[in-house]
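Across the two complexes that follow, subunit A remains constant while its partner is subunit B and subsequently subunit C.
And then the complex of A and B:
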């Protein structure tokens, strides 16, 4: 059983897939609701205080915007502890979404720097790609061990 | 209690910076209510594509979609607060363009701010207060003449000013450095009343503004306690006789600077701040002290010098002072150093603040620093325009307070 970091971290579908194959998803998965009445597109039910951007200094320098550092206080420890990662590029907002493009660049870079099994996929644009997309994730998760 | 002013928040990053609570508290303190315009997920991409600014951050796309919903009238609001992370270039572009878009396409008052994790409710308070004042007190801000006998007090960070007005004329003034806030206020009030030749009980209404407005307002039982952004802009167009049409008001204060665009006497967009005291009147005070002249002599001295002769960037007051000392040690003239100090302050205000608003002529400079001729000259050079400095410009907050306070006479 592996700890699998998923990107976008809010993707419920990815989180569910990882769990179904017996692994532990590292994510901040919550539903992206149909209507958005919160500050950000991936507002999470966590109490973020001004301390988090300071904790984020471990992954991003002080000159990096506070919103990036605050996010890194959450995602940084997940990246540090993960055994594997799945990155979905250019995902639809409804699939799962992280609000800050700069954080996204940093998260993906840190994952790619880490020497762990990684699946880097583009979000499918049609049904055929969709089937291949799910199959690729399934194969990847199976190679990590865990239940079939 | 009146209904809260509904302030639509358009933002990227405040939750993850841990400052959302501070924004909420600042709004609540001035009877405002922050809300996030309700928008459908399916509308985000459509609105974003229609707007045409191709940013990558999904939260900025959401912000753009929400701005469009406000302008199109699909969501009701009384005012708009735009906030994004400090040092994010992508967000800075969105912040500026949305502020301009909302300002030109709707009647909603709008203010923007770039925050760090250190931003507190106190920092945001004056901006929020101005936002709610414009939304709530449009009728009061539309006042163009002063009536009866009124007193205005401006309890500023560096100086305290008072003005007595009677039948649309300034009849008494008082000015002194702020030491003990209440004592300074009482002293300037006494001076203004004495100069006006009236008795305190003849004053029909009182207004206060500036940093000490709440404390002083409570002490002297003011009818109007109002932040300096709206009060100063009102006072500026009144004194410059530019109450109709557009204008830009620049106030380089002792602790911070304000740049406000005004339409028919009512503020539209404004910025307030200053990265460091190096861009404020405080740096000019220090320059005057180092040059051994009174602050009132700095302006004429600067007019005789050439700023280009002395390299100076007062981005930080410490390094600015160091440049000043180095220049004098290297043989620069006092006149050139004075001119360089004025140019440096003007340049910073120009670079840091005036880029955030759309300058509209006439440009009116107010506050104590507007009496420093060299500073006004430097600002005029940077803006390529002739700057108006009205009579009594150093009393601007007190005049604005006194003018607006007369709106309370009939209530008594």
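And then the complex of A and C:
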């Protein structure tokens, strides 16, 4: 069972397909759950404390805005531990402020720098593309040793 | 600064999104109530949010998937069902993560078609989708044609 990083990290479709074909999806919910379920000082709404931008220094330089470093504290450890990645390139739902936009660019850059199997896709726009989309993900996940 | 004590530490929360012509979220919720053992189930407009121990949640999901496997989709959630930091009842307007699900719901019928098709067809025989990173260069003959058709 391989750990597969998904982008957009909140994607329902990728999360479901990766789990359906026998692998572990690495999504933002897992990183958030880790913080929500850890006792400490209250820091609503996501329990992101001032410690997170410090942890983010591992993936982004000190002159990078703290918003990017704080987000990288969530995504960085998942990128480090992933065995493969699936990226949807036309994911408008990942649009956000500059913090989100720059983090998204950095996340995609780090995955491309990391020498792991990677699948680049776009969202399907019709049924024919839907079949190709699911088949491509199935083939990709089978090469990682998933269930048939 | 106030201390923070998490509720239900060690539990797992998952969303079950129903995009099916055969079953509604409320029918699936009733089915989930029938077979759940100590799992919190919350019915939403698009499906269910369930919370419990990892083993119980996985067992429940495996059974609920059998109801309509190609039209039921599951993802992890960080917060508990009805958490006041995320619940729209407290915030007003849609829950922040809803917009992502709302967008992907428009794509789910195509995914369901793909899953149904792969039950009868081998994935190896289906052509790969176009790689979005492949940028097509302008063909020199098309460029020549464009130059020739340009009005003076």
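Note that the second predicted complex is superposed on the first by the 123 of 148 C-alpha atoms of A that agree within 3 Å, B and C clash if a C-alpha of one lies under 4 Å from a C-alpha of the other, contacts with A are read in each partner's own complex, and residues count from 1 in each chain.
We take it that a contact is a pair of C-beta atoms (placed from the backbone, for glycine too) under 8 Å apart; a residue touches a chain by one contact, two chains touch by 3 or more.
Since the structure is predicted, the reported quantities are computational estimates derived from the model, not experimental observations.
Once the two complexes are laid over each other on the shared chain, residue contacts for A:36 go to subunit B and to subunit C alike.
In the superposition on chain A, contact is made by A:64 with subunit B only, not with subunit C.
By the document's definition of touching, of the two partners only subunit B reaches A:50; subunit C does not.
Once the two complexes are overlaid on the shared chain, A:93 sits against subunit B and subunit C alike. The wider contact with subunit A, measured as residues touched, comes from C rather than the other of subunit B and subunit C.
By the touch criterion stated above, A:134 is placed in contact with subunit C alone, subunit B being left untouched.
Once both structures are placed on chain A, subunit A residues 32-33, 35-44, 93 are touched by subunit B and, in the other complex, by subunit C. Across the interface of their complex, subunit C is touched by residues 8, 10-13, 15-17, 19, 25, 27-33, 35-47, 89-90, 92-93, 120-127, 129-136, 138-139, 142 of subunit A.
Residues 32-44, 48-54, 63-71, 93-94, 97-102 of subunit A touch subunit B in their complex. Subunit B makes touch with subunit A in their complex at residues 9, 11-20, 36, 38-41, 44-45, 55-62, 84-88, 90-91, 115-118.
Note for the complex: subunit C touches subunit A at residues 1-6, 8-13, 15, 17, 73-80, 83, 85-86, 97, 99-101, 103-104, 107-115, 117-118, 123-124, 126-133.
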